[in-house]
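Below you'll find a set of structures to go through.
In the two complexes that follow, chain A is the common piece, with chain B as its partner first and chain C second.
Let's turn to the complex of A and B:
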């Protein structure tokens, strides 16, 4: 029988690719996370990870770093996005472009630039936690600006006018209209800043003088010594990622694409 | 009233200016010092191109730049082909298949890069696939192909479906209809998908680190090693990165400027 061509079939290579290089690796991690060295089923990795006080304190540090980074990013990004979105400038996206352009320099080179700046000011090696957070805010700030800007831009202008006509002042309009309607943007911004600041150890390694350990770094350490523990940490991170994405209302396709859609 | 307005506008401008200063200060600092003949920022020296000379005469540095560019182009090209075909296939699949493929395709996008990287690295070992250029290429494709799908999908939704049918009715083969009718309509999405894949690959450190063959260096891994390990790295190597950052920054500015001018011209033509 001759196989009839249908356009669906064009998706087969991608489906196979996803099966082999996304699903299978996830299953492998799942298997390793719940087995011991003899490949017997066990919850031991999970218990071992959560009963190690030094690990727990690192997790706490890591979460605090990620939280502070996210809050600072939000505090800077919201006013920036608000001012840009509400300005009457004709070609305001050129201004937005200025905020995104540094993001297109290689990530490690960008962190290196911060490193040089910090070493110039004498802070490198002195204030490791401050430096790490400084670098993370620098690197992830555009991830917060973009989604908030996009949602603010979509708000119908007549809503502002109606609010003003009905006698609401700036603060009332802001808390009752602007803020609630931009919440989806804030949420995807938070996801896109919080997750990398918990897992991307390039920044903490290069700026924290190897004294700052974040959760993602555990995986690096275990990769050299114990894959079962490494997989367990990866699995926990995976669950955290999916929970965060789910709680913040999922990710929106048009806002995540790193400014490529401008 | 007017005065208050002016004051507010001033405050806004100052705030925007400060944030921009924060974003550009580190890069401008490197850009300035890349033209000064000193290896330590803050010390004085005379105008010199020595950092550029050492950048372009160090064979290791040249190799890693070449590696980075070639890997980005190769993985982006493959991702674009795979992702575009995948998007077309998904678009015409049954609803259930479409939802399922879409969900799996999102995993690498929302997942932490380190989890994707570790999972791939362990899976390669379990399947007895030694680390090679192939595994590196696959690693980069895993992170970029889903983004290609995301950028092609909206164009498929906007496409006029009857044109493909019309082409078939008029005697075109499916391949010809796809190339001559479907592709031209989705090409903006394909191009932006390719660009996105290139930038993702250029930027990547973590997946590269876990999937690369021994001794293979990209800009990311090379600079990371040079700054964190500190072993046998001369101050000369570190300061040649200033020149590299400056060159990349200038290239990006040029691209942004040109694409902006082209966009403006297109707007004016309309």
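Let's turn to the complex of A and C:
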């Protein structure tokens, strides 16, 4: 029998990748989260996590830090993306490049540079939470700008013309056309900023002098001593992430303009 | 997110690669493959930064390969990999098969844990025979170190009574813990009086750091907690060090509860928990006092001198300090002959000097003075670094290190060097060593309790009402979009105004 080549076969490499690097590890985490040292099934880790106020406080802090970071990023990114997308500037890609280039520089290097800056201004060690949020905003800003910029760019110009024809002012055009149509970009921007800022403990360690603890650090520390508890924390985080993504519409399929695919 | 991915990927990769590694280990010819798993940057890697200083200078593993073939007439290849923490090493060991590693370099407590769990094989008796020329370890190790290794029994369930650390581990580097301090900002007599209490002292608020590491900080807390008891001990008593060690290894519930109090005070007083930002913060003047391991302290002092002209000092608190080691052990399944040969080669005094020069820590090797070729290499190196000529300057003292190097090895050193700088950090005096205690492995249960305690200290603390408010907020945040989402399907949406026709969202597909 001749081996029939079908287009579906092109998906095999990815399916294999998916199996070994996504599904199997997830199952391993699930397995560890609900077992004890002797590998017996237990709810102990789950109960321990939710009966420990220090763990709940840390989750709450992580959420708040991530929320503030996201709001600040959005407040900075939206106007910038709007101006960039709407302006007729000849060299606006240069400006855009300026916002994106930091992403090409090594992350650790950037955090170290900010640390030096903060130390120079005397803020380091004085305002750990502020510094952490500052660092996160700096690091994640491009992830907010880009998706919003791409969705704004894709808005058909004739919509604005129609709006003007019908006598709508700037604010009405913005609230009825620009904002609703850029919502997918905002959503993917939020997902891309909110989630990493809950776990990126390099920033909180370096800029918060390790005195700010976010949930990612817990996972890291538990994986040094107790994989079972570490897996449980990772699993809980996974659920939080899943809920957030689902709520912000990340799983909807009818959006062709999502900017996440940069 | 970032971390979770890496962690799971690493796990998956480790699971997948374990059998592959085992297969890759079989070399086709009769070349022995020796797999050494060491700390990062913990061995001479050759090149311009090495002791020999030329670009062509071979690394320690290359030197070994040449030496081994010459001595034993068998080709050998070293597979050298590194880890960042004892726990990483342990986890990796658990994930791989017996025989995937021949030689590991854990710290003392991890050696005890591995030995207690019966994961190690002992060194051969012939390894300890000083009449064999190639037995550089036993011929050159400092009696001070060997006494400690022989004096500490290994505790485990199926106890083969009488086995000691020396049976399972050969020392590599050692040191003590203390403070690096900025002599311009800190009053030395005051610091000496405070000792470890400096960590919680108001005058150093936001100017002192500790390690982001539970064992080191737990030790400091114990030293603060039992300060009076330690001070009341009779220093001249025969068993002073035993008593001190017992106090500094307490892990009972009562102690842990009290330690929590002290850790909270430390948490409130320190500038940061750090693993490697401390040196930089010292040089910048952000902090005045930095908890440090002696080898790191030497490095920081050198760096501050060379680059910034700032003078930093090292101080070992008088009441007690932590004495630590890293040593070579062979996990089960190891190829013992080449592994022991590797340890011996590292212990040849000239190689010990190369490693000391490269990594900045102090080797356990003192040198066999009967050996004319290599015997005095380590002491010569130390003198080369620190010896001062009493005829040139008056500001010298006779520095006596006979406890480590043997009799008649005292030399003149600048007073400052000897009392508070690099020399003091690298080789503390016998008097300092008397009140240094080794910290054991806590044991399974205590280890768990102390890790939990640490995570409580590091965690954010919120009042119950704040948690309630935040939970309510979270529910709200979740509920509102949910309502919006499913609200669409309910009928309470406004009907379109008269005259308008609601266009289907899918209309653009036409």
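Keep this in mind: the second predicted complex is superposed on the first by the 232 of 262 C-alpha atoms of A that agree within 3 Å, B and C clash if a C-alpha of one lies under 4 Å from a C-alpha of the other, contacts with A are read in each partner's own complex, and residues count from 1 in each chain.
Keep in mind that, in the parts below, contacts are C-beta pairs under 8 Å (C-beta built on N, C-alpha and C of every residue); 3 or more make two chains touch, one makes a residue touch a chain.
Just so we're clear, the structure is a prediction, and the values are computed from it rather than from any experiment.
Among chain B and chain C, the chain that touches a larger number of residues in chain A is B. With both structures placed on the common chain, the touch criterion links A:21 to chain B and to chain C.
Contact with chain B, but none with chain C, is seen for A:94 once the two complexes are overlaid on the shared chain. Looking at the shared chain after the overlay, A:193 reaches neither chain B nor chain C. In the superposed pair of complexes, A:238 makes contact with chain B and with chain C alike.
Using the contact criterion defined above for the overlaid structures, shared-chain residue A:119 touches chain B and also reaches chain C.
Using the contact criterion defined above for the overlaid structures, shared-chain residue A:136 touches neither chain B nor chain C, since it reaches no partner. After overlaying the two complexes on the shared chain, residue contacts for A:206 are found with chain B and with chain C alike. When both complexes are overlaid on chain A, the residue A:216 reaches chain B and chain C alike. After overlaying the two complexes on the shared chain, residue contacts for A:29 are found with chain B and with chain C alike. 21, 24-26, 28-29, 115, 119, 195-196, 198-201, 205-206, 210, 216, 219-220, 223, 227, 230, 234, 237-238, 241 are the residues of chain A that lie in the contact sets of both chain B and chain C, per the superposition on chain A. For chain A in complex with chain B, the touching residues are 5-15, 17-18, 21-26, 28-29, 32, 76, 79-80, 83-84, 87, 94-95, 97-99, 101-102, 104-110, 112-117, 119-120, 138, 141, 191, 195-196, 198-202, 205-206, 210, 216, 219-220, 223, 227, 230-231, 234, 237-238, 241-242, 245, 251, 253, 256-258, 260-261. Residues 1-4, 7-9, 11-12, 15-16, 85, 87-88, 91, 206, 212, 267, 270-274, 277, 281, 284, 286, 447-448, 451, 454-456, 458-462, 464, 466-467, 470-471, 474, 478, 481-482, 485, 505 of chain C are the ones that touch chain A when the two sit in their complex. Residues 12, 15-16, 19-20, 22-27, 29-30, 33, 41-42, 82-83, 85-93, 97, 101, 104-116, 118-123, 126-127, 138, 141-142, 145, 147, 149-151, 153, 164, 174, 178, 192, 195-196, 199, 202-206, 210, 219-220, 223-224, 227-228, 241-242, 244-245, 248-249, 252-253, 256, 260 of chain B touch chain A in their complex. Taken in their complex, chain A has these residues touching chain C: 20-21, 24-26, 28-29, 52-58, 60-61, 63-64, 115, 119, 124-126, 195-196, 198-201, 205-206, 209-213, 216-227, 230, 234, 237-238, 241, 243, 247-248, 254.
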